[in-house]
Each structure stands twice: as C-alpha cells, then as structure tokens.
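In the two complexes below, chain A is the common chain; its partner is chain B in one and chain C in the other.
Now for the complex of A and B:
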C-alpha cells in the first residue's frame, strides 16, 4: 500500500508538471496577454452586460403583459422566459422583449399598435404558461386586465373634435360596455353633436384593439398599464 | 483515436438547436426552450428556473413541479452535468470557442470548479432577496434560444462577452465556474449513476485525456492516485476522454465506487 501511495504521488507530480510547463518562462507576448488584454476584455464584457441590465423593464416600453399576468414585480421572477405563450398566440400579438427591456429581457410583451390581443375565448397563452406567471385561474376573457385604454390626446381625437369617427368604439370587443359613446352639444358649430367615446375602466380589458384601430398617425387612445386618475375640467 | 462518442454528442447538441428552431417551420411538436418546453405533449422544465419562479415569483403550479422533478430524475440517472456536455447550446458554442482559444494559445488561466456552486448560491439568494431572477435574466441559454425562436438578436452580445472572456482570459470559465445551472447539475451529478470509470492497470499516462477534458481537475484523482472513477460532480460526461484513450483505460460505468 505504501509503495502504491508513493508511486501515486510521483504520478501526480508528473501530471502537475505536465500541465504547468506551458506557464514556465514568460515571453513578452504572454506577459501582455496576461496583464493587458485580459483585464481589457473583462472590462469590455462587464460594462457591456451592465449597460443593458442596469435599467428597468419599462424603460424600453415593455409594460403590457399577456392576459393573466401577475403583478409586474412578481411576474419578472415568475416568468421563465420560455416563450411558449408567444408561440401559442394565434395572432402573434405576444412578442418577446429583447435587450431593450433590461431585467425584463426575454419576457413576453404586447404592443397594441403592432398587434393587439384578440382575447381568444380559451386563452391559449395562459394554458401554455408552465410557471403560473400567467394566472391559470383566469378563464373568462372579460376578466382580463392587460391595462386600461385612455384617450391620451383629447385635442386630436376626431370624435371629440366633432367628426364622426368612433372607430375605437365600433372595434371594441366589449362595445357599449368598455367604450360607450356619450353625445353632447357641439358648442363650436352650435348645431352639431359631439359623439365622444368614453372608456369605462371597470369593464376595459386593455386588449388594445382600440389603440390598434385608431385612425390617427399617433393613436389618441392608448392602453396604459396603470392609469393615473385624470380629473375632467367639469369636475372642478 | 477513436471517436465513438463525438458523433452522438454533436448530434444531440445540434438536435436541441433544431428543436428550438422547429416552431419557426410551423410545427407544433416542440414548444418553448430549455427553461420550459413541451416535447410531443410531454412537459419539460428546467429545475433551476422552477426554483427561481417559486422563490421570486411566489407562484406554484403542481404540473410545473412534477416536470421539474422528472427532468432532475432523468439527469440523476444520466449523469447530471451531462446537460452541459450533451444538451446545452452554450456548451456547443463555448466548445468551438475553446478550439479558437487553443489556436490562439491564449487564456490559460483557470478558475476553480467550486465557483459554480457559489454562483448557484448567488443566483438563488439574489432571487430570494431582490426578486430578480438573476440567472433567467443573464442566462445565455435563454438568450440563444430566443435568438433562434424569436430572432431576438441584440442580447446575443452576452454570449459574445462570454466567448471573448473564454478565448482571451480563462478557459471555458462560464461553463466550468460561473454557470449556476452547471452548479446545480454538478450537485445532481455527484450522486448520479452514469460515470466514467478508470482502469489503472491499462493507463499508460500519455495525458491525452487531460488534453481533451474541459474540466481536467476531475481526472486528477484517478490518474494520480488510481481512483476507480473520475470525480463525478463536475464531469460533464462529454466522454471526450473515453474517445481519446488509446489504452482503453477509461470506460462508462453505471455504479458508485
């Protein structure tokens, strides 16, 4: 046994020597590699990675999540970034965020202006989600809350300006529930009616079909993740 | 030098890439990526992704736990870090990077293998304390998968950063010492059944296995002290050593010793 042990040690030394010979005797080239190139490469790699990740997901406009998404902070951890919801979406409404989303990299996002959510009755995105980041207990499309539509630009909205547009109202899958038309007298012409679309936040699912269908180059109606309560002038 | 295991291993690695790309052709037999997937209706889940979702997102889905456990059980039998050697697309790319590094003759420095376990601990404590799933965010595995499946190319720079560091600074440093998933599977691998065995009498100490092994440290106890099995925890079961051994001193065993 003793003999075997000694032999073993010798072999170990041989192996260590074999692996170390490459390091013996340092040329200028090797020195540069060790002391200049390596730290530079590390810095380059590190700062690149940091530059992307040190910003919140909203920074890249990644705010609207697929139906059933749990609260954003938990969602960021619960979502395993597998992309199955996006692959299950028949309309390709769900996109996968890239580096622009910072810590939200690889998470699913809906950009209504590109493609809104059409509220499939069976919600295949929720079925596809393995982790519960999209809440499986949500089965009724009308209970979905991706966000809430808000008429952001009242000055541009054609209906509010007195024209007969109302495209958002007619396109809304919850027509006359989530968006209603509230007629009122048009004081500017004094002989017409303003057919104003009004969003009802308790009914709006935030699918974004209104935002997608708005005829203006920059949509007047936009889905917001969280709505800052706006007081209308007549309430004062 | 025979290359019995090289071909099936490359085939497995490339098949994984093909599977991830398959939904682009409109097929539905595979969905998802290595974090979570459906293969012919069979749900597969990365156990580390499951842990992070559970800890950080406080979500629990029973079917997800079952698939994560099933995958862990498979790797328990098939060698744990065999994920790194046979499945992981990052492994495929950093292996090619390693070939480049050898040609350049740079980046000889090595980091200790135990760092991957620390990295696993760091990822899990980060998600517990801050709610940021550090590994899902940084994971070059997810980044490659999404680059293939969703043409999300910009994050590939993370992979470029890894390749740069691996070719210039330290050999296979991401896979060996930094990847938390590698750390997780190294814990599974420590107890797993499929191992590389060593027959001391046949060994001619030519050093061919050391040359091809990405984690040379695991060979040392056998070559130095005649241990009958290669250290199981960090061995990726790539079987390059078995292929390289002209004396047939290395073989595959299904037992503990």
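Now for the complex of A and C:
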C-alpha cells in the first residue's frame, strides 16, 4: 500500500492508516461482506492433490463440521460438497476443506481459531444444505453440537494460574451454562481466588468462540469432537 | 464502642508472618537459563486504581517480560489480563516518535525546538491579548506525581491561572468533594485490608469483578474462607460481580439517592444508630438544594458557608421522617422490605460492614450527595475507622489519588488538601515554591466541562492535553470535536499513540510511557509506589514533565524548576513532600520508596505506613487512648449531611424510552489507545457492543449480534447487540463500553454534571433503540 518510512510521506496519513490497522478486527463483518466464497474453485484446485493424499482412515478425525452435521461417516456420504452452507455463513466461519482432508475434500469445516461459529439464531447454514448432511430438524442454536470445548492446557491457562482472565467464559455465548466459573482459594497467595473456567459438556455447543478468543499464543481451551459419555449404572 | 484491638493485632500478625516467610517464586527448572541476561525491576501496573505490583524484565534495552510481583502486597504475584500483557501496550507499531505540527490538513514532522517554540509563542500571544485565564492544561490521573506536580507549579505558580484539570474530574471528583465536606481531608480512612477483615460488603453500582479485577479476587477469597461473609450487589445491571454476590438488588438508575435516604430513615426510626459515636464525632448539616445540572454554559452553583444550615440530631431525624421505605421503593424500585433489610444490615452490631463504590456513584448528577449518604450510613452506625468496617471509595486510575488528588491538579486545588481560594493555603504554597503569593490566582479555574466548552465559545485560546484522550472520553463529545475541528483553539496533545484527540491537535508531542521514565503513582488505598526508568522511550519521545519544563523555560519560567538533571525526580519529590509533612498526608523520603512495594500515607516518623486513619490503633496523629479522632475536620467533628432526592438531568420518555449507561470491561482500558494495540486483547474483545435485556430485545425483534441503532438527543450510533452475555441491564436500560475508538458512544451521553463536583453523569441519559 503506502510506502513506510519514506521521506516526505504524509505523516497524518500514516497515522490514520496505522489506526485503521489497529481496528481491523473490529469491522469483521464489513470485511466479510466484500469477499465471496468459491467452493467450486477450491474443489477443482484440490482434486489433483486429493488423488495423491486419499486417507480414508483419517478422514473423520478431528475436523469440526458446521451446526447440524450428522454422524461423520454418514456426513461424508451425504455431503454433496456444494459449498452452500459456507456461502450462507455471514461470518465465513465455514470453510471448504482442501486436499489435506483426504476423502473429506470439499466438505465444510470450521476452524475455530480462525473463525468460530457465532451461532446465528436462524442457523442459515442448515437452511442452505440441500442434501441433509446438515440436519434440518435442528432449529435451536443451543442444541448445536459442533464439538465440546476442553481446557487442554491447564498449566498454561491464565485463569487456573490465578490471573483474572476468564476471557473464554465471558465470551461464551452460553455463559454460565456451557462455561461456569468455579472459584476456589488460591493457596499460593493465600489471599486471592482462582476463578477457574469449567466447561459443561451437556451444554457446550462447540462453537469455538472460547478457542478463538483465548489470549494465549496456543489456545488453552480447544474444541474437540464430542466424546460420547459412557453410561453405566453407577450413581452417586 | 469497643474498638476491636484484637482485629488490629490479628491483621498485623498475618502481615508480619507473610513478610517474614515471603512468597517463593515458583518457577520451573530451566527458566533461569532462559532468563539469563534479563534484569528485573519493580513497578506498579500502568492501568487501573488497584495498583498491582509487577516485575519488569529488561534485556537489550527492551522489555522482554512482565510478571506479577510476588512481593507486592496488593496482588502477591497476580495480575489481570491487561496487566499480563502490560509491556505490549508500549510496543504498538504506530508509537509516536517525533513531534508533529499541523500544516493545514497535514501533520508534518518537526524538531522539539520548533514544536516547543511554536507552543510558547501561541501561549504568550494568548496571554498577552486575553490574560492568563485564556490558556489551559488538561492532564490525567495517569500522570506520575512528578508530571502532575510540574504542571501544577507551571500553571498555578508560573503562568498564574488555575485552568489546570485532570481527567480525574470524570471519575473521582464526586468522591473528593464528599471526602472534603465530610472529613476535611481527601481519600479513605480504610484500605484493602478491609476486604480481608470484614464480613459484609455492600457494592453500590460497582462492577468490581471487571473494573477492579485482582481486588475482587481478594474480596471473594474472604468469602470462600469465611462462611459468614456476605456480598450484596445493589446495581442497575446484572454483571460478573452479581454472579459472585450472595444477593443482587436491582435498582432504577438514580435510585441510590432515594434508597439510601430511606435506609437512613429506618436506621433512625428503629434506633439502629450508635448514639455515643454520634455525640462524640458528628455534626448535622443541610446544604443547598434545588441544584442545576450544568447543562447551560457558565452555570454557577456553589455551596458556600452561608448556604449551609446546622441541624440538631432531632431536627435531622425530623427531616428524615419523610423518606419512608415505601417512598424509597417508589423511586428506587427496590422493594420497601429490602430497604429495611439493608438498613438493618448496616445497623447490625454483629456485622462488620464495608461499602464499596466507584463510578456508579461518582458519575452521577448528584454524585456528591450519594457519597455523603453512604458516609451517613457509616457515621450514624459508627462503622468506620475499624478493620473491615469502612466506606471504601474505589478509584479508577493508577494515580487519580497520588497525582490528581494529592498533588491537586484540579482547578481549585493545591497540594495536600489545600485550595486556591484560601489565602493561607496560597501563602504556604508560594513559600514552598519560592514565589510571590500574589502569583497564585485566587479564582477557581475552569473545570473540565467548562474548559472544553470554552473552546467552543472562543474563550479559551490554548490548551495542552497530556496523557488522556478527551475528544473520545468527554460526554456530548461531538460539540467539543466540532469546536476543535473548527480550530477554535490551539491544541497541543502529548501522547504515545495517535488517538481521537491527536486527530484534532495542532501540535502532537511524543511521550514516554510507564517504565520509559521514572515515576510515582498513588493508588486507592493511599499507597505510594515508585519505579525507576528501565528502558529508553522510542525515537524522540520524552517524559511529559520534561516537555513542560522545556516549555516553561521558553515562557521565562525556568526558575520554577531548579532541579539538577540527574537528581530531578528526588529533588522535586523532596520539595513536594514538604506539603505533606504535618498535613496528615505525610510521605516518606524518596529513597524509601525504592526499597518497598509502596507505603500507605501518612508515613509514620519511624518510616512505617498507616493502614487505618483517624484511629489511635494505627494513625500516628492520634495519641493512644484517643480512640477515634477526625483530626482533619473542623472541631474534630465530621458532617452527616441531609441530602434529599432530586431527579436525574434526563429520564426516558415516549420518544427516548431507554436509559443509556456506559462503563468499563475487564479486557480494555479507558479509550483503548493502549489495550487496543495489544493483539491478544483485541482477539479477546474486538469492539463495543450494546447490552440489552432479552425481553426488550425480543419486543424490538433484535437478536444477538444484530446491528442496533441507538439514538439520543445528541447523537446516533450503530452497535451489535449483546443479549444474555457477560452482563444484562435491567429492563428498559441498555449499556455500552467506551473503549472502542471506532464507536464514539460519548456522542450520545448528556453533558450534565454534579453541581458540586462538576463530574459528568456518564451513567444516565435517554435513548431510543431500534434494529438497524
């Protein structure tokens, strides 16, 4: 764009520009509106690579699917890779997988650290799906199960270390339901409270806003594919 | 009365034990190797009024790490998320590094000499043509003590105008006036230890969980340790604080004024007061009523001694009979039964009650009155000057106390509780400053709102703004921005980044920040903390006090600053310290602060700090056996004020049916000029939102994250809706934050202010809301 540090460059312009850069994250929507999704191009580009990297065994794995996605095996069969869900997503949270996804090439994925699901009240991605890969009977955003957030790195989590962070909690769209704060005494200072964020898997939709907002370079909280809770007869 | 001496001993023993053992710095092996070559220094955090201590790691002239200081008594090694990323606030890509001068619509680089010569010429021209009151300076509660002191001496002692204000006018002025008219001395009698030692905490409209993060974690720990501890949140909005409180009491905006009066009614009716305490320490007074709201320019309202009526206790009781709990319920929305319950908590002799408040009470068009009423609760029940039982006014900025209030960078103040209207005070000040007392004007200068309005009226010709961002943070800001953009005054802005204020400046000066200079801050609990310069400021950036002194030299006022270059900070400190000695605000010799993590004044002759003022158990100004003595108040008696209910400046109506309230959140600091340049904090919270009650949103067809247009009589703005998020305002109210420079929410706020403190009410105006 404009030359940096060049002599005679208008300082005011430079300053304005820098200020804009600062706020780039604040006008996410405007930015998104400008760019169109091109799933077909992606598919074509990816197909050559796919031939080489077909990894059926890994295809399911840990990829996070858009809201309403049916079970992974059936999803792979049902999804026609049309990209309509991605086009319908106002935040461009849904991306079309490239060759690295193996047989999943061209299927929609969500990478929360890049852009989480903002849980639109009307779930336009599901409405847009023509194939049933995204289940149309799902209408309540709180019933979405993209995955489940897990605090993977307890040793790095600033809140667990006693700092007043809890960003994941305050950003959670289901604050006080999916993530709660469990306060406990901080024995190190003997005078403060550790405000530990705790994820409740029965409420967590896996939108990934927590993962996206974690201030650590590698997020301490990460969305995983939901693990089926193992039921037994033990009661307590 | 039974001053609980055991509590003092208990508290002292704990503190001593802590100091003796110390807190081991737990670090994994191998870290030492990685840290080789890093030198560590101590400093208070740059952000809020809590005053956390941090360790700053410097290597190769750059800060490479910061961490909470385990030896810091305030935070014991902890920080909030802003403090965790503290050093990054200094390393934004667009730091200002060179002076810039306006040439038409462009800002061009200039040398310091060019810039300072220009400023001096403009100030001299204005003073010659229109007198010294045509120029002004606007500073900050984030100024160091030295910067504030330099500005005060320059403006009041040199130029001869009291047109000097800090942005603390927007945050602490109401607290200040109430401290002065009640106790005769600014700042609290208690301290943070009260958070560990009390058992009942009443929060008056304060979201402490987000605005005072580490302190809140300390308060909650008391609750975790002691099942008796109760936290009651009286507020207009359910916040993160509410979530951790035992009880939330919803109140209508401005309702505190009625609710507390009704509580006092109950305390008097049911004889829950401490008669002996009242007899010994309290006077009753009635002030001037039917006060205006400051909406008209040049409106004058003062409470002079002639306006004040002395009351007997019986007369006061009679006057308070009108404020029944039912009346209180009607106005505040707090059920009468709850008002009674709250009153009984204050009156309960088995409970140690501490009241906590901040901007909800201070940014209030009757803020001084509400502060007075909170003191009334404590003075009537005798719950004051005892560990765990105090009214504790929380501050917003790191040195609102240390600089703005103690140095006295307000239009009416001089150092150490003195004022310009008082001849003896001017004489004492002139004596220490080595100037003719006539040089200090007896005329109170322009307060913040009038200062900026005077630009619009073409009355103020020059203003120098340091360390603050008024063209984003002042209410009804579009009027002020338009005046500035029309170049009605010559505006100088010293800052570290481009801001909404540098945008309208004629000269921009690059400043040194935090540990790029040596300095002293003073926090909420009277703790004075010192730090050394640890790194060089970038490019040609310079400390604010250096800028002012270079300007002073050009104004022929260099003689006011006879300090040596090397001993500058110490020499200035020792001069300033003379104001505090014997004034009940005694500061320690400069060297003392280099060794400790702050000291709470008054510092005793033996160098020890004071935790509780006005009590013989701790305050060096009392003799043993004196119990409690309010020695700064006339006749050693403090005032219980009769303060009735008066309505807010603007209330919702048919056209503008919602209350609009503004405030802080944990992730960002003030106008976001620093935290907005920390990528991690921007990742956490990228922009302002408008919080709404879910039922209001549903009625208006607004869903979460929908764009919403909010319009007041002064401006209009679009923000994404936040419904069922971190906080939920009561029905009929909406809330937003002021950190986002792309959304100037202060264009909506009314510029009504408290007639006594001149502090604007950022918490109440009327808006309409619709889906955009």
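Convention: the second predicted complex is superposed on the first by the 164 of 236 C-alpha atoms of A that agree within 3 Å, B and C clash if a C-alpha of one lies under 4 Å from a C-alpha of the other, contacts with A are read in each partner's own complex, and residues count from 1 in each chain.
The rule is short, and it goes like this: a contact is a pair of C-beta atoms (placed from the backbone, for glycine too) under 8 Å apart; a residue touches a chain by one contact, two chains touch by 3 or more.
Keep in mind that what you see is a predicted model, and the values were worked out from it rather than measured.
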{"item": "Chain B versus chain C as contact partner of A:178, first or second or both or neither", "value": "neither"}
{"item": "Which of chain B and chain C A:99 touches, first, second, both or neither", "value": "first"}
{"item": "Touching partner for A:64 - first (chain B), second (chain C), both, neither", "value": "neither"}
{"item": "Touching partner for A:188 - first (chain B), second (chain C), both, neither", "value": "second"}
{"item": "Chain B versus chain C as contact partner of A:121, first or second or both or neither", "value": "second"}
{"item": "Interface residues of chain A shared between complexes with chain B and chain C", "value": "11-12, 14-15, 18-19, 22-23"}
{"item": "Footprint of chain B on chain A - complex, ascending", "value": "4-5, 8-9, 11-12, 14-15, 18-19, 22-23, 33-34, 37-38, 41-42, 44-46, 48-49, 52-53, 70, 73-84, 86-88, 95-100, 103, 105-106, 128, 130-133, 136"}
{"item": "Partner chain C, residues of chain A touching it in the complex", "value": "10-12, 14-16, 18-19, 21-23, 25-28, 118-121, 158, 162-167, 170-171, 173, 175-176, 181, 183-186, 188-193, 195, 212-213, 215-216"}
{"item": "Chain C - residues contacting chain A, complex", "value": "18, 23, 26, 68, 75-81, 84-85, 92-94, 100, 105-109, 196, 213-214, 216-218, 220-221, 224-225, 240, 243-244, 498, 502, 666-667, 676-677, 680-687, 703-705, 724-726, 740-742"}
{"item": "Partner chain A, residues of chain B touching it in the complex", "value": "23, 31-33, 35-38, 43, 45-46, 49-50, 52-53, 55-61, 63-64, 67, 106-109, 127, 131-133, 136-139, 142-143, 145-146, 149-150, 152-155, 157-158, 161-162, 164-165, 168-169, 205, 207, 210, 216, 220, 223-226"}
